[in-house]
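Shared between the two complexes below is subunit A, which pairs with subunit B and subunit C, respectively.
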Partner chain A sequence: MIFHLVLKDLKIEWRSKEIITSMFIFGLSITLIFALAFQVAPNLIRTFAPGLLWVVILFTSVLGLNRLFSLEKEDQALWSWVAAPVSRGTVYIAKVISAFIFIIMSELLFIIPFFIFLNLPSNFSFISFALILFLGTGAIVSVGCLISGITLQARLRDVLIPILLFPSASPVAIAATKCTGLLFNQIPLVNYLFWLLILGSFFVIFGLFGYLVFNQIVEE
Partner chain B sequence: MNLDINNLSKSFYHVPVFQSFSISIKSGERVGLFGPNGSGKTTLLKMISGIMSVDKGEILIGNILQDSENIKTRKSIYYLGHSLGLYPGLTGNENISFISKLYGKSELLVLDVLKKVGLGKLENKLVKFYSQGMLQRLKLATAIILNPEIILLDEPLNGLDNEGLDLFKKVYTEWEENSKTIFVVSHDQEWLKNFTSRTIELT
Partner chain C sequence: MSFFKHRNNLIHAGIALTLSVINIYIIFTLDPPNLAQGVFGNIFFIHVPIAWSAFLLYFAVMVCGIFYLTNKSIKWDYRGLAFAEVGTIFMFLVLTTGPIWAKPAWGHFWPWEPRLTTSLILFLIFLGYFMLREFGGNPEQVSRYAAVLGILAFLDVPLIFFSVKFWLPKMQSHPQVGQYFSSANPMSTYLIIFSFISMIIISSLMVRFRTNILSMNHTS
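Then we have the complex of A and B:
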C-alpha cells in the first residue's frame, strides 16, 4: 500500500515538476543571497556555512512539505484515502517517504551551487556528509509531515507550517549544524555520534508518533 | 447492510448542527434526504463515511461501530460527494486504479467500467481537464468498481447531461436490484420521491 501511495505522489510530481523545481530555485536564491551578503567577510563563511546550509534545507523543506500536502487539499483529493479502508498511519509513512525523496533530490541540486557560491572547501568525507544529510532530512521530514497533517484542515496552513515547524525542528537544525561543522573541520565521525544519535532519534520518534496519531488528525 | 445512527451530535464552532440525531436504515433500503442549505445533509454523509469526526453518539455500519481506528467499516461504504476526492494531476484511469488499490479491488475492471460510463476514450486525460459532467461520471465509475454495500450519494445528478442522467438511472437501478443500501441527498424532492423508499427532511 505504501508503494502505491508513494507512486501516486511521484507520478503527480513527475508530470508537474512543481515541488522539486520550486525547492531548487528557492534554495539557490537563498544561497545566492548568503553568498552576496558574506562577500564582505569571506573568512567567516567556513564557520557559518554549516548553519547556513541547514537554514536553506529547512526553508526549502517548508516549501516542499506545504506543496506536497496542498495536493491532498486540491478538490479534496484526500477524501480518497481518508474514507478508504487503509490505515491513515500508512498514508503518513508514504508522505514521509515522498517528502524525503523530493527534499533529498532538491538538496542534491542546490548543494553543489552552495559549495561553489560560498567558495567552501570539499576536503571531507562524502559518506559522512551523506549520512548527516540523510538523518537530518529524515528528522525534518518526520516532524514536518506530522505538522503538515495537523494543519491540513486549517485555513491558514501556509502560515502555520513554518510557525510550527521551525521551533519543533530547531533541535534537528542544531544537531545537524553541529555534525556538519565538525565534518567540515575534518573531525572523525566518532566525535559527533551523539549529534547523529539525536537526528536519528528525532527521525524514529516523530515517525512513530506520526504513524500513531495521523488517524485522528486528518479527519475534518 | 444496516446503517444505524444513534444520538448523533455535531457542532461547528459551538453552533450545533445535529443534536441527538438518530436514524435506522435497513439493508437494501433507499433513503432520500433533503433540507435547506446548511441543514447538515453533507455533514451527515461525511460523518457516516468517516471523513468527518463525530462529537457524540455512534454510527453503526452493519452493527460495527464506525470510528477512525476501525478500517473495516470503511470498506463497506462509498461517499460520492460534492467535492471530487480525486487527484487533478492524475488521469481518470490512474485515479480509479489508485482508489481500487486502496479498497483492495482489482484494477482489471477499470477500463471496462470507464467504457461503461462513457469515459473509455478519456481514460488517459488528466482529471483537471475533465468537465463537471465527466467528473460526475468518473465518480460514478469509482462507485461501480468499489461495489460497496452502502452508497452515499450527495447531489448525484449535478452536472449530468441527458445521456449522463440515463446512465445514472441505469446504474442506480442495478444497485437497487442488488439490494444496496442507498442514502441520497438531493434538492430535487420529486426525484427523491420517485427513486427512494422514504425521504427525511432536515430542518
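Then we have the complex of A and C:
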C-alpha cells in the first residue's frame, strides 16, 4: 500500500512537474544570490560552501514540503488520502518517501550549478557525499513531514512550516554542515561518524515518532 | 480573582512570595564567590535554578501532551498550554540572565554555550508553538497538534545539545560551574537547591493560576 501511495504522488508530479521544477528553480535562484553576495571574497566562499549548501537544501525543502501536503488539501482530497485502507502511520511513511524522492531529485539538479557557480573543487569522495545528502535529507524530511502534517489546517501555513522546521532541524543543519565541511577538506569518513550518527538518530527518532503520532494528526 | 479565594491557593502564593523575597535578599547581599566576576557571579544563583525549572516545565509540556493524546481530556490540554506559557517566560529569563553572566565570565554576551544555545532553540520552537495555537485551525485539532509539537520539541533537546556541544569543542559547557559546587564550601550548593525549590514553587503557582483561568474561560 505504501507503494501505491508513493506512486500516487509520483504520478501527480509526473503530470504537473510543479514540485521538482519549483524547488530546482528556487534552489538555483538562491545559489545565484549567494554567488553574487559573496563576490567580495571569492576564496572565502569555499569555507562557507557547506553551510550555504544546507541552507539552500533547507529552503527548498520547505517549498517542496509545503506543496506536497497542499496537494492533499485541494478538492477535499485529504479525506480520501487518509481513508486509504492502511494505518495513518503508513500514510506518513509514504509521504516521507515521496518527499525524500522529490527533494533528492531537486538536489541532484541544483547541486551541479551550485558547484559551478561557486567555483567549488570537486575532488572528494562522491559516495560519502551521497551518504551525507541521503542522511541529511532523510532527517529533514522525517521532521518536515510531521510539521507539515501539524500545520495542514493552519491559516498561516506558509509561515508556520519554516518557523517550526528551522529550529527543530537545527541539529541537522549543524551535523550536515560539519560532515560536508570535513568532506570538502578530504577528511576520511571515519572522522565524522559522530555527525552521521546524529543525522541517523534524528531520522530514526522523528521517523518513529511521526509513525506513532500521525493518526492523531490527521483525524476527522 | 476567584483563584485566590481558596485557602490552599492563598497559602501557595504566600509561600512563593516569602521564598522569593528571601531568595532575592540572599542573592543581593551574598559575597560573590568569584571576585573576578564581581557581583555578576551571584547571577548564577538565579540563572541556573531558572534554567532547570524552565527545562522541567518544558518536560511537563511533553508529559501533558502524551496524556492528552492518550486520553483526550481537555484538562491536559490546558495544563500543557499553561506549562508552555510559564516555561517560555522562564526560558526568556534564562536567555536574559545568561548573557548578563556570560559577559563578565567569558567576555562575550553570546558565547554559543551549548546549554544556552539549546535554550534559545527550544525557546524559538515554543514561539512557533504559540503561533500554531493561535493560527492552527479549529480548537480541537490545534490541541492535538500542540501536544505533538510539545513532545517533538522535547525529543529534540538531546540532539540539539549534543550537536551544539561538539560543534564548537573549544566551548566547554559552563567551566565556571565547578567552583560553585565545591565540597569545601557546601553553602553554594544549599543556596542553589533553595533557589531551585523557590523557583519550582513560583512556577507551579503560575501554572495553576493559568490552568484555572483557561478552564474558567472554557466553562463560561
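Before moving on, here are some points about what is shown:
What we mean here is this: the second predicted complex is superposed on the first by the 216 of 220 C-alpha atoms of A that agree within 3 Å, B and C clash if a C-alpha of one lies under 4 Å from a C-alpha of the other, contacts with A are read in each partner's own complex, and residues count from 1 in each chain.
Criterion: a contact is a pair of C-beta atoms (placed from the backbone, for glycine too) under 8 Å apart; a residue touches a chain by one contact, two chains touch by 3 or more.
What you are looking at is a predicted structure, and each value in this text was computed from that prediction instead of being measured.
When both complexes are overlaid on chain A, the residue A:Leu71 reaches subunit B alone and has no touch with subunit C. In the superposition on chain A, contact of A:Ile174 is made with subunit C only, not with subunit B.
When the two complexes are overlaid on their common chain A, residue A:Leu156 makes contact with subunit C while staying clear of subunit B.
When the two complexes are overlaid on their common chain A, residue A:Glu219 makes contact with subunit B and with subunit C alike. After overlaying the two complexes on the shared chain, residue contacts for A:Leu164 are found with subunit C alone; subunit B is out of touch. Contacts of A:Lys11 after superposition: subunit B is touched, whereas subunit C is not reached. In the superposed model, A:Leu146 makes contact with subunit C only, not with subunit B. With both complexes superposed, C is the one of subunit B and subunit C in contact with more subunit A residues.
In the superposed pair of complexes, A:Val204 makes contact with neither subunit B nor subunit C.
Touch criterion met: A:Trp81 reaches subunit B, while subunit C stays clear of it. Residues common to the contacts of subunit A with subunit B and with subunit C across the two structures: 216, 219.
On the subunit A side of its complex with subunit C, the touching residues are 143, 146-147, 150-156, 159-160, 163-164, 166-168, 170-171, 174-175, 178, 194-195, 198, 201-202, 205-206, 209, 213, 216-217, 219. For subunit A in complex with subunit B, the touching residues are 1, 4, 8, 11-12, 15-16, 71, 74-88, 215-216, 219-220.
Against subunit A, the residues of subunit B that register as touching in their complex are 46, 49-53, 68-69, 71-72, 74-75, 77-79, 81, 83-90, 94-95, 98-99, 101-104, 126.
Against subunit A, the residues of subunit C that register as touching in their complex are 69, 121-122, 124-125, 127-128, 131-132, 135-138, 141, 144-145, 147-149, 151-153, 155-156, 159-160, 162-164, 166-167.
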